[in-house]
Structure formats: C-alpha cells, structure tokens
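Common to both upcoming complexes is subunit A, partnered first by subunit B, then by subunit C.
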Partner chain A sequence: MNIVVPIKLVPDLVEELEIDDDGTDLDRDFLSLRINEFCDHALEEALQLKDAHGATVTVLALDGDETDKVLYTALAKGADRAIKITGIDGAATSRQTANAVANALEGIDYDLVLTGVQAADDRDGQLPVLLASRLGIPHVSVVSEVAIDGDAIHIKKEYAGGVTATLRAKPRVVLGVQAARETPRYAPVSRVRQIMKEAELDEVEAGDVGAGATSSVRRMFTPDKGEGAEMIEGDADAIAAKLAEILNAKRS
Partner chain B sequence: MPETPTREIFLHFSTAMELVFYAVAAVASVVFLYGFWLRYRKIRRGRSEHRFDDLVGRIRRAVVQIATNATVRKGDRFAGLAHALIFWGFVVLFIGTCIVAIDHDILRWFGLKMLQGTFYLWFSLTLDVFGVVFIAGLVLMIVRRWVMKPAQLDYKRADEQGGQVDRSGYATDDMIFVWLLLVIAVTGYVVEALRIAETMPAFERWSIVGWVLAGPLSGLETETLVNWHVWTWWFHGLCALAFVAYIPFSKMMHIFTDAVNLVFVDERAARRLPPLPPAPDGNGDGDGEPKKKAAPRMGYSRITDFTWKELLDLDACTKCGRCHVACPARAAGTTLSPRDLILDLRSFANEAFGTPEWLTQRFGRESKWPLRDGGTATALDTDVATDVIRPETLWSCTTCMACVAACPVGIEHLTGIVQMRRHLVDGGTLDDNLQGALMNLGDYGNSFGESPKKRGRWTKGLSFKVKNAKKEPVDTLWFVGDFASFDPRIQGLSRTVAEVFHTAGIDFGILYDGEKNAGNDVRRVGEEGLFEMLAEENIAALDAATFEQIVTTDPHTLNTLRNEYPDLGADYRVLHYTGLLAERFASGALSVSRRLGHRVTYHDPCYLARYNGEIDAPRDVMRAIGLDVVEMPRCGANTFCCGAGGGRIWMDTSNEQKRTSEQRIEEALELDGVRVFVTTCPKDYTMYTDAVKTLGCGDRIVVKDLIELVAEAIEPESVEAAASDEAGAAG
Partner chain C sequence: MSQDIFVVAEHLRGTLADVTFELLGKGRELADATGGALVAVLLGGDAAALAGGLGIADGVVHVDHPSLAEFNPESASAALVEVVAQRSPRLLLVANTSMGMDLAAAVAVRRDVPLVAYATDVALDGDALVATSQLYGGKIYTESVLDGPSSVVSVLAGSFPAAAGKRDGSPTVDAIAAPADIDTGRIEFVALDEPEGGDVDITAQEALVCVGRGIQSEDNIPLAEALAKALGGAVCSSRPIVDSKWLPKTRQVGKSGVKVAPKIYVTLGVSGAPEHIEGMKDAELIIAINTDENAPIFEYAHYGVTEDLFDVVPPLTEKLES
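Right, the complex of A and B next:
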C-alpha cells in the first residue's frame, strides 16, 4: 500500500501574530511556521499503518522556510520519501494547495492520502475535501483510526455528540485525520540530523495552481474584547488570588 | 642445646603426601586460572574504551586508595575498619605464605634459606599478630552482617518482581566467603600450636598465639600431636586451596576486579557524559552489507554495547548496598536501585557470555527475566534497556550521582543508565510529558514552549536595564537558564539576583534570545542529538560575545557549561552565583547592612555540591549575612536529591510512593529551631515550595533561595519591594 501524506505548515502561535499594513493578512515577515498539528496526526496514523501492515509513506509539503526541517523530521520518524513542492508561495490558499498537491500526485503511485482534517489557516475550506474533489476520488473527514484489511480500508469517523461510525472504502481515498490512534511519535534530534546528512528531498513543480481563493479578505483584526469577559490583569499571584476569589464567590 | 630458630615445612609429611599436596595445589591453580580467564574473556567482549591515559598516576592513586581503604571507610567507618583489618591481615598472611613458598620451593634448591634465625622470629611474630588482625576483621564483619544487619545489606530488591527472584545465593556466597577465611585463619593457629606443642622450643614464644595455644596441648602424647597436626594441616591446606580455586567464581573475585576498577575509574564520570558510541564495525550488524556511512549507535541496547570498563564495573560490585541506600529513586519507592541494576546486568552478562556464576540470584519461571528458561541462543540480541532493565526503572533515575559517589569501588552506574535512556529515546519509548518538553526544547530552546524572544522578558520591572551581552562586552555573562527565565515562581528570584549583582557593582549582561537551555538535563534524559544542537547554538552565542567569566544560578547549567562544553570547544570560567557573591563579600564589594541572625538549614543542590564540590561558598555567604546554619544529617557532597534532576522534572513521577522532596523537608523539620530552608537552585526552590505545600507545614518552615536573604541583608531600603514580591510568591 502506498500512502501519501500532504503536510501543511501553519503559523506558530507561540509567537505573537501581527497584522500586516494592509490589514488583510498576517505579517508574514515575523511569522515562524510549524507543522499543522492535524497533519502531524495524519503522519502518525500513516506510520502506524506502515508499522502494522507494511506500506510506503511519502510526505509532501509546499516549499517554505521550515519545510526542509518538517520533511526531514518526517523521514526521521519513518517516512520513506519526502517531496518538496516548489514554485508556490507558502501563503497559498487551501484551493491552491489542493491543486499543487493534486498536480504532484500525478507522478506518484498512491492508494491512500492521509492529511490533517483542518488547519488554523484554512480560510477557504479544508484541504481533504478540496483535494478529493480535485482528484475525483472519495473522501472521509474527522477520521480517528484507519485499518487496512487486504484491499479494504476500514475508517473510524467521529460525528458530533459522541457518535462514531466505521466506514469501508477501497483505494483510492482521501482521509482527513482528526487524531492518530497514538500521540505522534518523537523524532530524536540525532536521527533528524543524520537524515539531513544522508537523505535527499525530492522536488516537484507545483504547476498551475489556479487563482486562489474564491473569497477575499476585507479586514483582518484581533477580536474586540466582549462585554461578557472580564480580563484579569497582573502577575501570576495576583491572577491566582483573583481567580480564587471569584471561584469562592460562586461556590456558596 | 641452642637451636637455630626455624621450622620444617611439611613436617611429618612423607614424600608421597607432599606430592599429593602439590598435585592438589596444581589443580586448584588451574581452576583459579581457568575461572580468571573466563572473567577476563567476558571483559574482553566489551567495546573498546580509552582509559590508559596517565597510567602511572592512575596506578599510584589506586594503590593509595587500596592501601588506606579510603573509599571503603568513606561514609561507613565500621565497615571501613573491619575491611581494613581483613585487608591488611590478608595481605600480610599472603606475603608470609609467599615467603614460605619461595624459601621451600625455590631457595632450597640453591641451598639457601630465609626462614631461620632472627628473620624467622620476626616472621613468626608478624604473621601471628596479623593473623589476629585478620580474625578481628572477620569477626567484626560477621557481627555486622548477622547481628547489626544494616539496611544496605538487605538484598531485597527495589522491584519485587512478584517475589520471583531468589537471592539466597548471594547470602550463601557471603557466608562461604567470611567463614571460609575464618576457618583458614583459625586452623592456621591450630596447626602452629600442634607443631609447637610437640617440642615447645623456647624461640617459638615469638609465635605468640601459637605458643599460648600450645601450652595446654603440650601434655598430649607425641603421636597424638603428630596425627592431629597432619590432619589439621591437611584441613587447613585444603581449605586454603579451595579458597584459591573458588575466587574467580565468587564475591572473592573483588580482590582483583576492584583493584583494577579503581585504576581505570573515570574521576569525571557522570559530570561529563560520553558522546554517542561510535558505529559498530561493518560486519558487526550481522547482515554483512558494508554500511555506506556508519551512523553512531543511539546508546546501548545490547550487552555488547557496553565498554570493557562498564562490564568490569558489573563484576566489581560487592553488593555493599551503599548506592542502594543513597539512591533517592529507591527511597521514593520506584523500581530503581543502582545495586539491583548492576546485579541484573551482571547476571545477564554472565548468562549471555556463558560465564559461570554459581551463587547468584535466580529468576523464577513467572518472572519477566528474559533468560529464565535458559534461552541463551538469542541472549546477545536481547534488548537490555527493555527486557533486562525495565524502561520505567531507567526513567526513575534523577542523575543525582549519589550512587557513583557512594560506590567504594569506582562503579559508574550513571553512564550506563544514560546510554540505555538514549536507546529508549531513539525508539520513542518515553513519557508524553517528557516528549512534549523535548519537542519544545527542539523548537524553541526552552522546555516551557515559550517564544525564544520572550527569554529576557523577566528583566522588565528592574530598576535598570540588563546589558545585552550579544551587543556589548561585559565582565560577567549571566547564563540565566530556563527556569530562572520562564517560571513565574523563579522570575522574581532572577530579578532579585539582578538587583544584588547591580548593587555589588558587577558588570554583567545576559544573552537574551541568544541563550538556549544549556542542555544538562536534556543530555541526561538521553537526547544526545538535542543536547548537541542546544550546545552548538549556545556556544555560537558565547563565542560571539565578549566576557571574562560566566555566572549562573542554576547548578545543572553550571555543570554542563563547566564540565561538558569544554569538550565541545567552549572552555570558560563558570561560577555559581553563590561563588561570585562569596568573592564579593570577601573583597568588601558587598557589605551587610543588617545581619539576619536566624537559624536556617541549607540544602546542597546535587549538581553544585556533589557534582562540582561547591560546598563552602554558599555557607560563606550565609555566614557573611549573619545566618546560623544548622546542618541536616545529609549535607555537603552527601546531600539528598530533590527529585527533579535528570529530566524528572519533565516526567510523570507518579511511580514515586513518597516524593524525595517531602522526605527532605521532613528531615529539615527534625532540626531544632529551624524555620527557613535555604536552597540555591531554581529546581530545588520549585520542588521544595511544592513539598511544603503538600505536607501542609508552611507554618513551620519556609523555603527561600539564598538570594532573597542576601537581598534582605545588604540593602534595607529596597528590601520592602523585593520581600513583598517574594512573600507573595511564597505564600
């Protein structure tokens, strides 16, 4: 079984986000990027499948500042091949990303695509849906576990209200992973560094990725403080004291 | 008729009996040499390691240590005395036996004889006196082991394995060892007495013990005496030969293994950990394919990954149990005991390498021991870090180094633990919390998952701007560390340190976002690659800055900067803040405006006192500000761990039945009139303030960092600000 995991990189929320001068986007000069958490889970689920059933895992990501590190880390964790999609801005929209990935997949033999169910910067839709529709194959989202049984793929999908369904699909299918069955594994730095010395990242051209989003941003801003929220200011002790006071008052 | 004082060797022996004795002696020697060779062959299976630098100095140091029994006496004077008596008794009696052998078996053929006249008299006296010394030592050991029964001699395992491990073999081996020696010593006197009783020559008064015992026997028939003498002689001789033959298969082997181990000990063990072991040779992996580029081994997973010195360590252990009782992980009730770890690895190495060990621990069928059914076929493939020593056990270590420091024979437990942890990290067998901390450290250079840009943010609110050492030269570069930079409980202390440095006129600066976690605990967790990455980034930042010395408040940071960074090319003078302040108090640059005068106790941080011998400076500072220091029973280099080291602060520690930090606070509460528990380590401060809260004894004792007390003592006006700030944090 050949599994492909397209990985999105998203702004790292550890850094304070700033709005650019136009007021329509994040100021990307001061951003640092990291792997989208859901994509990390998709990779883990793919590696779990590889460990359990044997499979080839190929990771894909759009070229950008942190892409090499993310791809080498994926190889260190056990992915077999890593491909960097070049000639496209890291700030691509979901549609552009879906097109770029679909173009890249033309040259790859794949049975299963696992990717993050969503990402923090999915303004114009989630990648799994867009990718599946562009590829013309089925898709399942909010997946929490995948099992392979011969030619059949068993998929656990979560619904709202604590309902879970098990679906069966045949290759090819795109799955939007909500959570892997286990915490994404750790990639020891020695291995990552060793991989960096030894392994090569393949590159493919993004090709025609289309015009981008079907909607445009008029204004980007930090949410106004609402009336209902009381912001507690001060150092940790003052905040703790205030919280204790509020909780005590509500206890009665 | 004046007789030349001497004695006949093989008195009353026929030539045939003499030959029988030599034959038995030859057999015993062959058995000894065979056993010795088996052990040597096992040690040779270890990986190579260079320990031959300054060989003369090593041997000189070991000879002094062995002759004085200094390492045995350290921390246990009773055992030290008993051991020294046995040791010197044994050495002198052994030399005496050698003299007899040389005289009888070599010199005799040249018509020469040493054992006569004055030399014989002194020889007799010396051997009789040292025989008493020897017996006294053995009796003390017997009393200690079977009457006093100190806790460290209890062989009960830290992990019970459901009662599946039978260690009665160890006890039997101990018994044979001491009683066999006692029987040999006592029968030696009996043989001597029977020989003297026959003729009672006056010069044999020099054989004081034999003479005294001979008195009552002298009335017996000569024939009886001769008979008894021959039979006792044989009994004595056979016991002695049995001892020789038994040495390599028993605890007695420590005579050799410990002497050699003390020669090759690494005095910087644990303080400076080794890098990753090199790749196995091309065909070592068994697949026969030449490796394109050999990657280093990620720690130890097989018994063959251990170096010869580490295998020798296993054989050096005498089960004295000092590490077992010193270990905080054991005291906390985890499955780790450094003694059990060494003994389990030894049992495994013996099985895996096919080295016989008669009286040892036996693993029952229900136990998880990998070789319990004798499955040695795959022994060399066994994952030692999972199947011999359990991961939970390896993760329990706080790397406090108490085991290494307590060991009288130079065993370096900690290196092996970290090497096995490296293998666990490589295989992803690690705690989720720890994994999160490591990922943060990899991404942001700190375990808190904070933006590196915020590293210097704690300086906000100071009365002055802390110099940026990336941009301007400073005299003293303050390497702040993670906890002091990011933990809200410690940031206030950092500000107090800055104010005190400022008052003391110290020209200092910090690296702001140029500093990363120094990596001491990352390395001890077993994430060597991450340690290297952090160290490289820090060294680049240090190299780009201009300064004379480094100071830090964190003993863990101090340890790696001082002992490990030099191997990576960054060799700087590294001080703990207490050392810097002690210098300033001594020179008069800092003066006390208000002597504090309360009674306090001081907790020595492991990484400061035990790892780096920094014991006096904090006490000098406490004296300078007028504190009356009452010591806890465990103090100085013998301090007790707070439980946070070696990455434990990032792990789920719910396997601890009773946290060591709480045990330590209880130890302090025993002291009379002490209401302040002083620490000089950010992790200690965190652990002990927590422990006081958990124990609910905040009304009886308060935890303070020394810097708070210094600030209080040197500048009354600014105290209010600092004190009220800290009171809030402590309350």
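Right, the complex of A and C next:
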C-alpha cells in the first residue's frame, strides 16, 4: 500500500506570537515553525502501518523555513520519500495548501492519505476534508487507529465521551489523524544529519492553488486579559500556603 | 439572496448533541437579525422524534436514506451538499466536532462557498456576517468578513449557552430527496463502541487535578495523584497525555473526551487549548499552574501560578493533608 502523509508546519505555540502592522496576520519574520503535532501523529501511524504491512510512506510539505529539517526528520524516522512543494509558502491558507497537495498528488501513485486532523492555523478549515473534497475521494476525521486488512482499511473515529465508531474504507481515502497508536517516534539528531548527507528531497511545483471562495480577515487580535486569573506570586512555599487556603475554603 | 440560517442538528443514538442547541440559540439570534428563517438540518435519524426538540427552529429539513442510519462521512457530506445546493442558505452553522469536521469543509469545497473554522462568535455587522475564530491554541483571535451570498461557519462547542436553543415545539419537517451519490460504498459503517467501563468516573468527582503536557513525563503522574487524593478527588488530563498513553481515555477532558463541572479544578502544565477549555470551563473554582504566563488557561482560571509545578505541588499536597 502506498501511503502519503502531507505535513503542515505551524508556528511553535510555546513562542510569543506577534501580530503584523496591518493587524490582519501574524508577523512572520520571526516565527519559529515546527511540525503540526497532529501531522506528527499521522506520520507515526503511517510508519506503524509500514512496519506491520510493508507499505511505502511518502511525506509532502510546502516549502518554507524548517521544511527541509522536518522532511529529513521524517526520512530519518522511516519515510521512504520526501517531496517539497515549491512556489507557495507557509502563509498559504488551508484551502491553498489543500490545492497544492492535490496538484502534487497527481504525479504520485497512492492508496491512503494520512494527515493531521487539524492545525492551530486552520482559519479556513482543516486540511484532510478540504483535500479529500478537492480530490473527490472520501474522508474520515478524528481518527485514532488505522488497520489494513487486504484491500480494506479499518478506521476508528472518535466522538465525544470516548465513544468510537469503526468504519471500513476502500482506497483511496483521506484520514484526519487525531492520535497514532503509539507516541510519535523520535529521530536522533545524528541519524537526521546522516540522512541529510545521503538522501535527497524531491521537489514539485505547487501549480495553480486558486483560493476558491474565501473570506477576508479584518482584524487579528490577542484575547483580552482583563478578566483573567488572579495571579498568586511569591516563593513556592508561600504560593502553596495561599493555594491551600483557597482550596480549603472551597472544600468547607 | 436567501437570508436563512441553517444549523446542522447533530445526533448520535437518537439524541441531539448539546452543541446543536448552542448553535440553534445563536442561529435564532442571527435569523432574527437577517429577517430569514432558522432551519435545522437533520441527516438521517427519526425526524418525527427529533424534530420535537428543535422547536426553536422555524422549520426542519430532513434527508433520509439507509446510509445515514449511522454517521458516515461520505453519505452525510453528500446529503448536506445537496441541502445547501437546493436551499443556498445565507449561513450554514456546523459544530467543530468529529462529525462537523467531516461536513463543513466538504460543503465549502463542493459548493465553493467560504468556510471559517474554530468560530466562537458570529454576528451580523451591517450587511456582512463576521465570524470570530479562536486560533493558535487560543492565543490569537481573528475576525473574518463573510459578505457573499452563502457561507459556512464551524463553531467551537461551548461558545454559546445551550439553554437559548432548547425549545420544544413541532416545526414543519420538509423532506429532501437523497442525492444519487449518497451511497458510493466507499465508506461503510461497521460498529459504534462505548468506552470501556471500570475506571473512575471523572464527571462525578467534586475535585479534579488535571495534568497537561507540562507534567513532562509519565513518572510525574503520581505527583498529581497525591494532590488529587489530598483533595478527595481524581486525576484527569488534557488530550496529549491520553495520546501518549500516560492515562486512559476515560480521564480525558474536552473535545473527544468528557465535559466536567467539578467544584475544584486544578490544572498542572495545561496550556488551555480550546479543545480542553470546552470541557472544563464550567468548573466552580479553577486554579492553573503553568510556567508560560501567556498560556490561554489563565483567561479561564480564577487563580493562576507561574511558578514551576514541581516546586509548588509537593508543599501544597502536604499542606492539604495536614
């Protein structure tokens, strides 16, 4: 089975996010990008399927800062091929990203697409369903387990409260992965360095990524901190004493 | 141009989802503002039984077909695309849930209408609809202008009060014939499974200690368990902890987990992503401990601490025990 994993890079949410002078987008000059955590899970699930069934795994990502590192890391983890989609950058909307990935898939033989169910910057929708709808193939979102049985793909879809549905799909299908069956594996830096020397990243042109019907952002802002928490300061012991007082008052 | 507001009425095992009432309440407000009708969209399900709970709507449209008996992303998307094609509502509201995520983008692409996701509010501003989205794990908001004839907005659960959308009644049910592509057989429903029982029911606890990524390692979970024990409660977690298998799925709070409203909710290293917030914001007393002073959790907590949890939790547990 040929599995494709489109990977989104997103701003590292641990870092401070700045809004640009227009007030309608992030200031992208100093953004530190990393792999979308759900895409990391999608990659892990693809590699698990490869380990169990001998699939080939191809990773794709839009060209931009950190893209090479993320793709080489995926190769170091066990992906077979990595493709950089050029001519479009990380500021692309989800819909443009879906179109770019769909264009890239035209030249690839694939059965199954696994990608992150969502990303922190999906203002105009999540990639899996945008991509599947553009490709005209089925999709399942919020997937936590994938199993291959001959020509059938068994999928676990999560609902609220721990309820899950099992669905069966035939290739081709796009799955929005919520969580892999195992914590995403780690690639040692030495292995990534070695791969960077040995392996090559393929490149394809994004092609026409026409935005389709879209909305415009009139304002981007940080939430009002006015009604936030009352912060408790001091050394650890003083804080613990104050918290114990608050908690005991609530318990009594 | 239609001024109608359509709301997808999500249902599982014959019960309407709470989030549907949240959307209907907001939809009512918007329909009153645009002068259009509020219409609930039922895909599958027993329309006669479910419509009685949708009294706030002016009407219900129902698509029925054997492939819609259980949620099937392929069939449900085809049905909803057909509804939107026939009725072209000014706005389609979909919950940003497991089902809703499989619907919203499908309609947007196949009908070529704009989609705004992760909305926490939608308002009519002059002639345009404006949707406010919560992005980047709750750290950034955007206002998107939807000035075209038809749009889709997917809304985060917990954004509006459900009470505003709950009204019994008997709205007229219009059937819309299932489209030809409703059952391609490319996706089949196999089974629906309830979570395994036997674990602590975190929805029944008066005190919860919630661990997030900041707990760093499975080895540190006992630290949280000791605090929970001192408070007479239990440990729960945000999604990454369950995804890492450090705690069972039964302990997950938030989207795809459970909703809780205990007397006491103490978070340890939880950032406060929207998916988590929707599951716990009704707790009576929320205390958040997180070294990132910009973590969104501090917007929802009553008290906040930015000291290292590993320094604060042991003395706190000790003081509560004595």
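As a working rule, the second predicted complex is superposed on the first by the 233 of 252 C-alpha atoms of A that agree within 3 Å, B and C clash if a C-alpha of one lies under 4 Å from a C-alpha of the other, contacts with A are read in each partner's own complex, and residues count from 1 in each chain.
The definition used in the following text is that a contact is a pair of C-beta atoms (placed from the backbone, for glycine too) under 8 Å apart; a residue touches a chain by one contact, two chains touch by 3 or more.
Everything numeric here is computed off the predicted structure, so don't read it as measured data.
**Q** With the two complexes superposed on chain A, say which partner A:Asp237 touches: subunit B (first), subunit C (second), both, or neither.
**A** A:Asp237 sits against subunit B and subunit C alike.
**Q** Which holds for A:Ala179: it touches subunit B only (first), subunit C only (second), both, or neither?
**A** second
**Q** Of the partners subunit B and subunit C, which touch A:Gln194 in the superposed model: first, second, both, neither?
**A** first
**Q** Go through the superposed model and pick first if A:Arg34 touches only subunit B, second if only subunit C, both, or neither.
**A** first
**Q** In the overlay, work out which of subunit B or subunit C sits against more residues of subunit A.
**A** C
**Q** Would you sort A:Thr214 into first (subunit B), second (subunit C), both or neither based on which partner it touches?
**A** second
**Q** Once the structures are superposed on A, label A:Glu16 by its partner contacts, choosing first (subunit B), second (subunit C), both or neither.
**A** Once the two structures are laid over each other on A, A:Glu16 reaches both partners.
**Q** Would you mind listing the overlap between the subunit B footprint and the subunit C footprint on subunit A?
**A** 14, 16, 183, 235-237
**Q** State the interface residues of subunit B toward subunit A in the complex, per the touch definition above.
**A** Touching subunit A from subunit B are residues 276, 292-293, 295-296, 298, 425-426, 428, 430, 432, 435, 438-439, 442-444, 449-451, 453, 488-489, 527-530, 532-533, 728-729.
**Q** Would you tell me which residues of subunit C are touching subunit A in their complex?
**A** Touch list, subunit C to subunit A: 12, 17, 70-74, 77, 97-99, 101-102, 104-106, 108-110, 112-118, 130-131, 133, 135-146, 148, 151, 154, 184-195, 207, 231-232, 239-240, 242-245, 249-250, 252, 255-259, 263-264, 266, 271, 284-288, 292, 294, 296, 298-308, 311-313, 315-316, 318-320.
**Q** Going by the contact rule at the top, pick out the subunit A residues touching subunit C in the complex.
**A** By the definition above, subunit A touches subunit C via 11, 13-14, 16-17, 19, 24, 26, 37, 41, 95, 98, 117-118, 120-126, 129-130, 132-134, 137-142, 154, 157-170, 173, 176, 178-180, 182-183, 212-223, 225, 227-232, 235-237, 239-241, 243-244, 246-248, 250-251.
**Q** In the complex of these two chains, what residues of subunit A are touching subunit B?
**A** 12, 14-16, 34, 183, 185-186, 188-194, 197-198, 235-237
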